[in-house]
Amino acid sequence: MPVVTVRIAKGRPVEKKRALAKAVTEVVAENLDVPSERVILIIDESDSEDWAIGGVLHADKLPAR
Amino acid sequence: MPVVTVRIAKGRPVEKKRALAKAVTEVVAENLDVPSERVILIIDESDSEDWAIGGVLHADKLPAR
Amino acid sequence: MPVVTVRIAKGRPVEKKRALAKAVTEVVAENLDVPSERVILIIDESDSEDWAIGGVLHADKLPAR
Amino acid sequence: MPVVTVRIAKGRPVEKKRALAKAVTEVVAENLDVPSERVILIIDESDSEDWAIGGVLHADKLPAR
Amino acid sequence: MPVVTVRIAKGRPVEKKRALAKAVTEVVAENLDVPSERVILIIDESDSEDWAIGGVLHADKLPAR
Amino acid sequence: MPVVTVRIAKGRPVEKKRALAKAVTEVVAENLDVPSERVILIIDESDSEDWAIGGVLHADKLPAR
């Protein structure tokens, strides 16, 4: 531990994920006073037809679908 | 919040997901007295070789595989 | 399956949870065409100091704290 | 219940998953004194660009990338 | 990784949890060919009013409540 | 979305959680190019008898228990 899970919309490039993993791990390690090597981070991507806010799928909110 | 996660077997069409998201969000909003716009719903699909009941993969229970 | 997880703010009475579990299970079963006996529902409560929107703990948004 | 989730790196063949599901379900049932038919097991696979230890994506640690 | 989460009904003594953690970790390590030191296991307990099967809270199924 | 879950050992004071929520939300918003108001963060605490590394409960590794 700590184990951090970040649920995001699908489709970001690996460069974004790399930067996200590095930055989140650093602030978690700093704020919890644990070595960064002990921080596990998992990125969970959701397709636009697999999540909703207010009961409306994200796929149905996108301009071109 | 609230954040609702629904884990289902993979393969349902978007129409089913759309109806599911709408219906679940409505009853959650009603029962918890929150505006539906604040309800986040995530559908997590599992492939038939990625879940088991009684230790048997769902893929091994299907008639044609 | 299906397995439904509902993350909510802590503090609702059991009557609310009972009604929530019943209503959500019914609409999940209907919309996914599964018997309601196969629907597992888990309520995860979070204390007001354990969740945040926009980086502000819910505890810090409450009027009397 | 119980509901067991096993998060693993993507890419193992179905034979490995089959054996994993069987073995984990058995020890969970034994240790918790529940019938194995009541144990639900979910395997969540993560792509190598979707998890990190120490802030470094697993994809960036692999020899050939 | 791997990260294993076991969701169980609340109330088991630490001896049961200790045996569960040991046994599950061993079979996960064996079946996935990873050193057991890399297996993280989390036990998530749910109160009887916080989970339901078939829309009925576990608390409402218990004999004395 | 995004929805961030941080699983940590139980016992940190609210000041630590406040700083953690603020810092993690900021870096998530920056790196994913989303407004911070859309970032939901959940802190899940685990008791020392409810998590293990290498099959040994954290409670059994603590000096005074």
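By written order: A, B, C, D, E and F. Residues from 1 in each chain.
By definition in this document, a contact is a pair of C-beta atoms (placed from the backbone, for glycine too) under 8 Å apart; a residue touches a chain by one contact, two chains touch by 3 or more.
Model, not experiment: these values are computed from the prediction.
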Chain F and chain B - chains in contact with each: A, C
Relative to chain E, chain with the most remote C-alpha centre: A
Listed pair (B-F, A-F or C-E) duplicating the E-F contact set, over half by residue number: C-E
Interface sides of chain C and chain E: same vs different residues, half threshold: different
Chain C and chain F, separation of their C-alpha mean positions in angstrom: 20
Chain D-chain E separation of Cα centroids, rounded to whole Å: 14
Interface hub residues of chain C, defined as touching at least two other chains: 1, 3, 7, 23-24, 26, 40, 42, 46, 51, 53
In contact (per the touch rule at the top): chain pairs: A-B, A-D, A-E, A-F, B-C, B-D, B-F, C-D, C-E, C-F, D-E, E-F
Parts of chain D lying in touch with chain C, wherever the complex brings them together: 1, 3, 40, 42
Chain A residues within the chain F interface of the complex: 1-9, 12, 16, 19-20, 23-24, 26-28, 30-32, 46, 51, 53
Chain B partner contacts - residues on chain A that touch it in the complex: 7, 46, 49-57, 59-60
Residue ranges of chain C touching chain E (in the complex, touch as defined): 14, 17-18, 21-26, 36-45
